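What follows is a structure written as structure tokens; I'll ask about it next.
Going by the order they are written in, the chains are A, B, C, D, E and F; count residues from 1 in each one.
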Amino acid sequence: MRFDGREKDELRQIEMVPGYIKHPEGSILITVGDTKVICSASVEDRVPPFMRGEGRGWVSAEYAMLPRATERRNIRESSKGKVTGRTMEIQRLIGRSLRAVVDLEALGERTIWLDCDVIQADGGTRTASITGAFVAMVIAIGKLHEVTPFVKFPVKDFLAATSVGLLENGDTALDLNYVEDSAAAVDMNLVMTGAGRFVELQGTGEEATFSEEELSELLALGKKGIQELVALQKDILGETAGLIGGAED
Amino acid sequence: MRFDGREKDELRQIEMVPGYIKHPEGSILITVGDTKVICSASVEDRVPPFMRGEGRGWVSAEYAMLPRATERRNIRESSKGKVTGRTMEIQRLIGRSLRAVVDLEALGERTIWLDCDVIQADGGTRTASITGAFVAMVIAIGKLHEVTPFVKFPVKDFLAATSVGLLENGDTALDLNYVEDSAAAVDMNLVMTGAGRFVELQGTGEEATFSEEELSELLALGKKGIQELVALQKDILGETAGLIGGAED
Amino acid sequence: MRFDGREKDELRQIEMVPGYIKHPEGSILITVGDTKVICSASVEDRVPPFMRGEGRGWVSAEYAMLPRATERRNIRESSKGKVTGRTMEIQRLIGRSLRAVVDLEALGERTIWLDCDVIQADGGTRTASITGAFVAMVIAIGKLHEVTPFVKFPVKDFLAATSVGLLENGDTALDLNYVEDSAAAVDMNLVMTGAGRFVELQGTGEEATFSEEELSELLALGKKGIQELVALQKDILGETAGLIGGAED
Amino acid sequence: MRFDGREKDELRQIEMVPGYIKHPEGSILITVGDTKVICSASVEDRVPPFMRGEGRGWVSAEYAMLPRATERRNIRESSKGKVTGRTMEIQRLIGRSLRAVVDLEALGERTIWLDCDVIQADGGTRTASITGAFVAMVIAIGKLHEVTPFVKFPVKDFLAATSVGLLENGDTALDLNYVEDSAAAVDMNLVMTGAGRFVELQGTGEEATFSEEELSELLALGKKGIQELVALQKDILGETAGLIGGAED
Amino acid sequence: MRFDGREKDELRQIEMVPGYIKHPEGSILITVGDTKVICSASVEDRVPPFMRGEGRGWVSAEYAMLPRATERRNIRESSKGKVTGRTMEIQRLIGRSLRAVVDLEALGERTIWLDCDVIQADGGTRTASITGAFVAMVIAIGKLHEVTPFVKFPVKDFLAATSVGLLENGDTALDLNYVEDSAAAVDMNLVMTGAGRFVELQGTGEEATFSEEELSELLALGKKGIQELVALQKDILGETAGLIGGAED
Amino acid sequence: MRFDGREKDELRQIEMVPGYIKHPEGSILITVGDTKVICSASVEDRVPPFMRGEGRGWVSAEYAMLPRATERRNIRESSKGKVTGRTMEIQRLIGRSLRAVVDLEALGERTIWLDCDVIQADGGTRTASITGAFVAMVIAIGKLHEVTPFVKFPVKDFLAATSVGLLENGDTALDLNYVEDSAAAVDMNLVMTGAGRFVELQGTGEEATFSEEELSELLALGKKGIQELVALQKDILGETAGLIGGAED
């Protein structure tokens, strides 16, 4: 048993509040244990310069934390005048993951901006951001679809993410919180589709290494967690969920 | 009557949720109509270099908006690599206003960081930030007081802020929302104490000017609004409210 | 009596040297006591991108100090790689104030750049900048008018600025110099038109507050000072002064 | 067969020139096909501020490309005034990977700086950088050891990296060059130790996904490639290779 | 004869107003034709970190132009967020030149900051800056000497600068103004001491080249101009001039 | 005799490896003693915005050092977020020098980018960069000429650079290495054409001065060195050398 009473294959309590803020085309507050992220999806009717005229869309993500989302206050990146390496890595990961399940041709020349703002952090902020951003994006695309139906709904499959890891004591565990994550020997982020295919797999030994057997065990835990997250996404999305991966008309 | 049905001297609906995020020493979600700001107060046990060794404390504020707090998405200041003039002006205003009711000697060599993060904007974000930051700050100082009571509680008076303005049609109005504010000829921000004294008074003609009579009318409206805001702050702060402005032991 | 021998309602010695530098369309050296500012007005035959094609003009201001304008040398903002919050606040104030008396439609698609460079500082640099920039701007617009007369002269009224404050001893005073300003409990900048209407009113308690009575007294002092400044501007501008606020032909 | 004639499990031609530049404590020019990277290791007798006094060392990496290392000229990051997200991600990966095989306690309070400068790029620059930086680092640590032998040689195991991927046609392949990499559906970077344990595993679907079976096949290819790279490192390092992973005296 | 009526070996009209601004330890307004530069010298009682404890002083220069010093308005370097290459080159030149005639040991652990701010530009701003900065510096050092006499006055010789060039028509000319300079084939800046020795010699063909004979002719013109400038500096400095290059007591 | 055994008028060992990296249109590794610079020339089929439509080309240079090109590791300019004054000065010098021998009209609306990346530094990196960049540029222009012959080959003359100086002991010397350069009283960089005309002449006293006689001696040494460098360039360029300075067809 883990120090917060969970089993090794047990996710933290998840909650999703769609429409949490009013201006974005899609928005959600996702809560994973004590981690809380506001995910918003904004639709812009053009693509970045290097893609113009190709008839394809784009999905771009940004990630940030409030200064006091963490136990100690962090200096704002705007005050530092630059975005840290960690933030860049996370926002590139979120964007790339979401693009793997979006049919950019079907989307047409539009950009979906995904803003993931962590208001409270307790581990797993990047995976909560991906899981939440997917829902916000589907809500936004669903609204476009209501006004002018797409020939083919541009979302090909569900997408969720979680972390798994090798704890200090050598146990494997699903969905690490901050205390577990800080002490873990190996930390792995998994992004998978509803159909169970990998989108991203990032395993990192923190001054440590791992074997093929440990890898297999971690992947099994992650897969289980992601199936549960996808089930929750379906509940939240309701009817719009039915459009995902639908055949072309 | 105003387009949202309010009287000219009527504030929007106000709500304050203390303890909205868990890590800061003091935090609150303040809602003023459709404007929502997370205010957090962080205590740091040292002061900026230029003040060290003087035995006085400091209060510093930062302000930001989520990119999609507004109707159109704004580029993050961290992506731009710099803080805009508008943001700097607002955070200087918040810090200066709060310092006017803090007894920096009584506080001792500590910095209170006030972070005001607008998650949804509909006009009046800077005044909502001041009103909310005051509450977050008093909660944080109240917690310090519980552990090691101050000889003199370092908050001298209540502090709240609101806006008043001359609408397009020439009417004066209290607590402008975004639609009113964008079209207003004159926009005035007022920061006042519980005792009804001015802390900041910033009146600006937007390609327009105003007379002394109009000024008097605007000040009267603002005063009424601030008294109502201070009453709400007292409710939220409960017992801690009683420590404010208290005599030295 | 004040430490430099002035009465409480007495401005410092003012001097204005028009044409101080040769390249700008309008320029002036304004001296207010020991504060000296070079104000120049440059005319550009286009407006910022967001305003193109609307047939309106724009007025934009920049403000800076030489490193040794002050008693202690300041690091250049170009060396720091960014403009400070104080500078941004001041240049936004100057631009906004000037725009309040310019008829942007009558000006046509042009930008007037106002550069206010403080070569010697002794308090009141932002108000001296506004008073001087107004003169430089009128000279520049006057020159345009000589070449191709405007249907309506695009300056609607005179504009000047001064500061008033509550000194350490509780006295009110007009046109604070640096020593008075540093110690003042309340500092207020006033920008008013020739007709006596307010354009900007910025009163700030420096770790202090002020009452409605004090406000009234400060406004009266400021009004008197601005009337004197406007009279000086008329002298300097000579015939061009007669065009200001003139009826449409 | 691949378009350059290689088998799917065949590395490109590898060459390593130790001592390629004279000033660094360790340096190497590594050539992998047409990819060429200068790796240098610099020893600094102190650690970053947040680690001082703990008796542990640190390993930090930086990565850059000459502007014309690529087919089209890239703008220098120094001209842009910032490091791109891609560069940050790569240098964080290199540093983290190397630290996994370094005994930071045994190293003592020193920083090893690893500079990986790509002078010619043809795919796989980050994995060539890791493989080369390991050799440069061992040379540098070996020189320290000659002067003042470590109680325990601070390098715990060999370390090398390569890429594997799913090509456009669905085939798996080892050590992708630029043409293969640009068109690949899945791109995976593997960092492994001499003992065959994982250090980093980063698999990314580029607007694509992959199954568990594909993952297994990719891991097998990668493992084979890394064993060959480690064998080459042993040759280059000669006697110093024998110190790696050695028991404490 | 040149288009402004000067002979080829004739300087423009020179004027120097010492004490032009009140705060710096030394200041001067230097006018060379229509070029006007405010030079100020500030004394700081410490040296840059890399020189501390060596008992030697330092001389550092900064150079800037007001935005409208030139015929067309320039964007401020503070707005651009960086200092241009041209500015850096000039301020490095000014600092290096002045240091050649200062005895840094005799100066002791102090920094002299020389600020050269061009308020009106008409060619030759860098050479006017050097000639003026020398006078401002000697005034500042002279004041230090009055309070606490130096064992050896730390200025070893006079220093002045001018430009010479090959005009479009092939003629050589002394002290080029902006019109001449823009069209010149070769532009050369000369910094020399009172004793006629070279400190800096920077000759540049602007898409052109020059012969040894042309070089000799240019050097002769420059030498003549510098002797005249040094004579003017002596006049301005009065008694303090006598201390320069003086023997050790 | 100098400490490395050279005569005062003796260059260090020079080597040039053309085609050192494969992507640029022209590239070379130039070795001057222990100084090694990769010079590459990239052709872009357009010119900077301010030159468009004039039918003239442009030549632009960038210069950088690997962090460990020097004895002590330097912080990367990309990490600092800005290019230093020294780098800017050098890249401006390289570009200006090369433009002096290029017929920009004959080149047509193209930019030649010259990247000089120092991989090992031992003094004279800027002059080695100019000498090498000239060769890389001619190779690149030669390739253009093969495809579509120029009416007039756009390179007017050979161009090479070297340094000369006054050593600590008062001797003059050609082609200073790092140890000589650090201690030299006077350092002079000379850029000359194949025909023996000056392009740039930059002599600098390092807290020292020099006489006309010393100048003459330095120029003679420099001239000799440059003639030898030009002879080497001719050898490397082979047939292409014959096109330089050729008459119009």
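Descriptive notes on the structure:
Everything that follows uses one rule, which is that contacts are C-beta pairs under 8 Å (C-beta built on N, C-alpha and C of every residue); 3 or more make two chains touch, one makes a residue touch a chain.
Which chain is which protein? Per UniProt: A, B, C, D, E, F = Ribonuclease PH.
If you're wondering where the values come from, they're calculated on a predicted model, not measured in any experiment.
By the document's definition of touch, subunit B (Ribonuclease PH) and subunit F (Ribonuclease PH) have no common neighbour.
Matching A-B against the pairs in B-C, E-F or C-E identifies C-E as its interface repeat (over half of contact pairs the same by residue number). On a Cα centroid basis, the chain most remote from subunit D (Ribonuclease PH) in this structure is C. Centres computed as Cα averages put subunit B (Ribonuclease PH) at a distance of 52 Å from subunit D (Ribonuclease PH). Distance from the subunit A (Ribonuclease PH) centre to the subunit D (Ribonuclease PH) centre is 29 Å, each centre being the mean of its Cα atoms. Averaging Cα coordinates per chain places subunit D (Ribonuclease PH) and subunit F (Ribonuclease PH) 34 Å apart.
Among the residues of subunit D (Ribonuclease PH), those in touch with two or more other chains are 81-83. Around the ring, proceeding from subunit E (Ribonuclease PH) in the sense that reaches subunit F (Ribonuclease PH) first, the chains are ordered E, F, D, A, B, C. Of all the residues in subunit F (Ribonuclease PH), the ones that touch subunit D (Ribonuclease PH) in their complex are 21-24, 27, 34, 36, 38, 40, 42, 44, 62, 64, 66-71, 73, 76-83, 87, 113, 115, 117, 119-121. Note for the complex: subunit B (Ribonuclease PH) touches subunit C (Ribonuclease PH) at residues 82-86, 88-89, 91-92, 96, 99-100, 104, 157, 188, 193, 195, 197-212, 215, 219.
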